[in-house]
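Listed after this line are the structures, all set down as structure tokens.
Okay, so chain A shows up in both of these, paired with chain B first and chain C after.
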Partner chain A sequence: MSDQKSLLQLEGVCKSFGPNLVAAEVSFSLEKGEIGCLLGPSGCGKTTLLRVVAGFESIDQGRVIIDGTTVSTATSHLAPEKRTIGMVFQDYALFPHLSVADNVAFGIRNRPGRQRRRKVAELLELVGLAGQSGRYPHEISGGQQQRVALARALAPEPELLLLDEPFSNLDALLRERLTVEVRDILKSLQTTALLVTHNQHEAFSVADSIGVMFAGAIQQWDRAHDIYHRPASLAVATFVGDGTLISGTVEGPGTVRCGLGVLRGDLSLPCSSGSGVDLLLRPEDVLHVEDAEIQARVVHKSFRGPTILYQLELTSGEQCQALVSSHHNHGIGQWIGIVAEVDNLVIFPQEPA
Partner chain B sequence: MTRVGFNCDQLQDWDSLLPVMLQQLEACCRSRSIALDPGQLPHGVQQLLRLAQSTPVHLPPQPSAISPVGRLGRFTLETVARGRELATFSGEIILECGALSRGQTTFRLRDFWSFVQAAGAEALPIVSLISILVGVILAFVGAVQLQMFGAQVYVANLVGLAMVLEMGAMMSGVIMAGRTGASYAAQLGTMQVNEEIDALRTLGISPIGFLVLPRMFALILMMPLLCIYADLLGIIGGSLVGVFMLDLSVSEYFSYTRRAIHLNQCLEGIIKSTVYGLLVGFAGCFRGLQCGRSSAAVGEATTSAVVTAIVLIIISDALMTFIFNLLKMG
Partner chain C sequence: MSLYPGLDAPKPPIYKRLWALFFVVFVVLSIGGTYYATKSVDYIWRWYTVPQYFFYLDDVEVLAEAEGIVASIEPAGEESAVVIRGADGEQRYLVPADGLRVDLDQFVYVDDVLGSSQQWKSGLLIYGLWITLKVSLIASVFALIIGVATGMARISNNPALRWLAITYIELVRGSPLLVQMMIWYFVIGALINKSIAGWGLGPVPTIWFGVLSLALFTGAYTAEIVRAGIQSVHLGQMEAARSLGMSYGEAMRKIILPQAIRRILPALAGQFISLIKDSSLLGVISIRELTKITREVVTTSLQPFEFWIVCALLYLILTFGLSLLVQHLERRAI
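Up next is the complex of A and B:
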């Protein structure tokens, strides 16, 4: 029996195009008001999965349940226009011959005039476009078009809002701002939403829970914090955020010895003492301290404005990365002192060589 | 034997046969694991050999792994799938017509009238030109033959009957396939590429009722009118030949025409053109909605809409002519 609280539920959904499996036994659920995100590299099947939820694609196996109604199974399929969903498309898909207000009003055409006008005004106010209602999509900027698309999708008050790479066509600054705004809008309306993106920053700043997808399968479905700090697999760890693996040995509960000395923290896996592990080191875990005991040689550096990402080589020959304030400008080949400060020790059992 | 070398002291001149032979030799040696030492060969030959070995070996194209039976099966499955798509689309249209008659669909009258304008009044110039020329051509071809029997006055009958029964409907159908059918496919295809159709559906609006029906109804309404107009202009075109080439008087020409044509025959052409209107609209919208998600697909959809429409027009013409003949005999 499906959990009454969850608004969207996928159970063992399989979908293939010819011989290509694009969704393999995908299961997850979203509670009412929750914002979920499918995160993965391009071609991992996340957009197809979103289109499955929207009803544009049929499925080969499993079930999709929206608000207690089974909308897709292998044999039955409810048309997208009959599902109470809203969708924001990657290229916005605004109707070019309609003004901003008419675009937003499109999905609520059957409502009485005054009510409709009030709703449109309300939504345009909410997305910060109150003065633009008479303009046409080609006259406004990409970010504004994005907001119109969001308002249009929200107008019929859908149970579930789907967003397909909604910020990918925007420049970095605008993206940063809009992600926060969109989250605030969705939260203020208590709308359940499912977002698809390949950009982890978008995923982290918008979503409550994130599913990391590779090759049609969800590898981990978790809170953003846990995805980053407690990745379930090596693939997730390396896809989300920068980082390098260095080998180490477990020396006791919460203690690992590696090329950066003895580190103490919470082990992500229970491991017996003496076993060899690969330890994930995030660049921000490695601090630069001038007179530190451990020295590493700068192999490569990339300037990022406020910080510099250094690729370092330890005396053992292993490499790690360090994110250092760009006041500390070191040349390639220089030796610098580093200290590792890791709270969550993400370890993976080493394959016996 | 473990090694093959060459003695090239006597070698004076060589052509492309030498590297070919050497390559064969090399393959032969490799299969027997004998080393081949090209060190003594002329410099040019060594270079050629190296070049030949560095290019990737082109494998002969693999004969397709599917047997003729498999191909037949695949073809059958594809045909069935295509037939199913067509049947689904037709079914959706019929269902939406039902919903429309109950007032349950979003049919925008404003859209409908703008399509009527595009498929009717705006098509008049091209229909005029083509119809007059078709009338002229028919009259001219007929006149040359009929003059041999001194029966040129029957050109009026020939042009009148041909226009009313076949050419008026057919020519306007073909023109509308190229003009309106193609533009429908392009419009819907572009909307498909821009995900506008998906957006419509997520807003709870059926693309069939909202996009397809107004277009099809506009064509179904306008085609018979265009057909009557084309009939008339075709006859006028024929009369030009009759008057200026065959020295018939205008009133003579038109009285012959009037005696030759019966209302039933006019109706036959008009019924045909209504069906063509339906088919052109169907083909245009079907191909447009089927369109893939790239801009190249829009072009393909447009082309295939025109081809489909014309093929459908010819097939339905043959069928309807056959049926009308049966009715007349009965």
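Up next is the complex of A and C:
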């Protein structure tokens, strides 16, 4: 049974569209006030799962429980309007024929006039749109529309806020700012929220816990830090963040020998000495030190402003990446010294050849 | 104003003037040609006979109802009170003072004219125009209600509602309006009138069968327009409304339909302009609307050219008025 603390709980949810299985036995739960995120490539079923929670899609198997009430099973379905949820849509879905204030007031239209107006003013203040209440959605910018959508969803004080790729239509700067703002707003209201995105930076900056989804299944449900530094599978490791795999051999507890020398740190899984493993190397784990012992040849570089991402080839023929301050500008073909500094040794057992 | 400004090279100033001139020449030649053709067949235009079918001065006569002697004539405001004393007692008539045609002590017989006055009255064409306007207005209101209801039933999850809507739409669109009017009047109308006569009720006025046939006909087309309009509103709008605590019906009424109606206004305008013109068929079930009246007028006046042209112009006034109204609504819509 569901314990009282979790506000949203999915138990073995299955959903398919015809022959396409879009959710395969998905289970996870969110505590009250927690911000969760479903992260995955497009087509992995994360949006469908969000729509299942919202009540826009039925399910084939399993249960969805919101605040102790079972809202979806294979045979029952509570209508979306009865679920005490709020939703922010990818395209915002603002009502074009209503003004900003009317959009926000829409979910609380049954409250007495004065109370309603105060709440609308309060929310517009919160999202920084106090002066825009009389304008229509097409008259304001994308970022402002996004914030109206958020205010509209928050107005009825939902138990659970669902956000479907809410930042994907915004430019990078605005996205950066809004993700932080949205997290602050949600935390100040202590709203439980579930976010869906394909963008790991959004996931990291907004969510408390993240579920990484591939092909309808959640591969790992964890804190953001653990998703990045302790990925449970190769797929998670390569989807979240940049990185390359190089082969190595376990030489003892917390020690791996590879093309970058002998590395010491916490092994992500216990392995007996002598076994061959694939080691995940993040670009920021590889430091550039001019007179280092290990030298690598620059095969490719991409300038990123403050840093340059170098694609390097080791003497063993393997490749790795290094994120280096852009003061160190090396040409392609040059040999540079590198040092690996890895705290968490993320390893995957090598398939026997 | 081009819909795609900037896609083609700008036109020289002469371009607009030249084609405006072409338009004027075309219109003038068309009208002139028609006029010349009527001249060549010796048609005698008598436009002066037209106004009396709109308004005319009528003689209103006050007639004696019993014979007797004019006993007294006294002024009563703008009229005169004439008292006639006969074998059966006295009778009092009010006659326009300046149109008095009897004297004191004069003997009058039954139906003698005591006095007369002239009054402006509306003619046949005004009557026909009024009937056309009335039928069209009432039928439009019903057609819109039927259309919106059927359009929503057409996309309902309930199979009975959906199939009923489809059946109605296909039946009505699949047969000529003229035939439907005949059926409404001569078949269904006869049945209804005979049934209610059994309960001691009089026949339903013919005009209601006309209104019904028009409303149901236009309603079927409107339903398809409304359905397309509803489907053109993004699905997310319904989902957003539902997630904000609205039921399906409420969301449809407050979110989907207002947006749909704005989009389908031009198509709806066309449909209701058609309705006005379709009302011209109502003559076949003896409703004296504009076209039937015109036919009557042509029969008595023997001036078909003038009156059919006038008839067309009167329809044009109605339809163009509606067109302007819809354009106004479109501009107001966001």
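Here is the rule we go by: the second predicted complex is superposed on the first by the 353 of 353 C-alpha atoms of A that agree within 3 Å, B and C clash if a C-alpha of one lies under 4 Å from a C-alpha of the other, contacts with A are read in each partner's own complex, and residues count from 1 in each chain.
Just so we're on the same page, a contact is a pair of C-beta atoms (placed from the backbone, for glycine too) under 8 Å apart; a residue touches a chain by one contact, two chains touch by 3 or more.
Since the structure is predicted, the reported quantities are computational estimates derived from the model, not experimental observations.
Participant: Based on the shared chain A superposition, would you classify chain B and chain C as clashing or fitting together?
Facilitator: With chain A as the common anchor, chain B and chain C collide in the superposed model.
Participant: If we overlay the two complexes on their shared chain A, which of chain B and chain C does A:Trp335 touch? Say first, second, both or neither.
Facilitator: Neither chain B nor chain C is touched by A:Trp335.
Participant: Give one of first, second, both or neither to describe whether A:Phe303 is in contact with chain B, with chain C, with both, or with none.
Facilitator: In the superposed model, A:Phe303 contacts neither chain B nor chain C.
Participant: Let me test your reading of the model: by the given contact rule, A:Gly107 touches which partner, first (chain B), second (chain C), both or neither?
Facilitator: A:Gly107: touches chain B and chain C.
Participant: Go through the superposed model and pick first if A:His97 touches only chain B, second if only chain C, both, or neither.
Facilitator: So A:His97 only meets chain C here.
Participant: Could you say whether A:Phe89 touches chain B, chain C, both of them, or neither, answering first, second, both or neither?
Facilitator: Touch status of A:Phe89: both partners.
Participant: Quick one: classify A:Tyr136 as touching chain B (first), chain C (second), both or neither.
Facilitator: Second partner only.
Participant: Which partner does A:Ala79 reach: the first (chain B), the second (chain C), both, or neither?
Facilitator: both
Participant: Looking only at the overlay on chain A, choose which of 73-81, 109-117, 145-153 or 271-279 in chain B hits chain C.
Facilitator: 271-279
Participant: Once the two structures are fitted together, what part of chain A is touched by chain B and by chain C alike?
Facilitator: Common to the two interfaces on chain A: residues 54-56, 79-81, 83, 85-87, 89, 91, 93-95, 106-107, 152-153, 156, 162.
Participant: What residues of chain B sit close enough to touch chain A in their complex?
Facilitator: Where chain B meets chain A, its residues are 106, 194-196, 198-206.
Participant: For chain C, which residues count as touching chain A in their complex?
Facilitator: Against chain A, chain C makes touches at 234, 236-237, 239-247, 255, 258-259, 262, 334.
Participant: For chain A, which residues count as touching chain B in their complex?
Facilitator: Result: residues 54-56, 79-83, 85-87, 89-91, 93-95, 106-107, 109-110, 152-153, 156, 158, 162 of chain A touch chain B.
Participant: Under the stated contact criterion, what part of chain A meets chain C in this complex?
Facilitator: My answer: residues 54-56, 79-81, 83, 85-87, 89, 91, 93-97, 106-107, 136, 138, 152-153, 156, 162.
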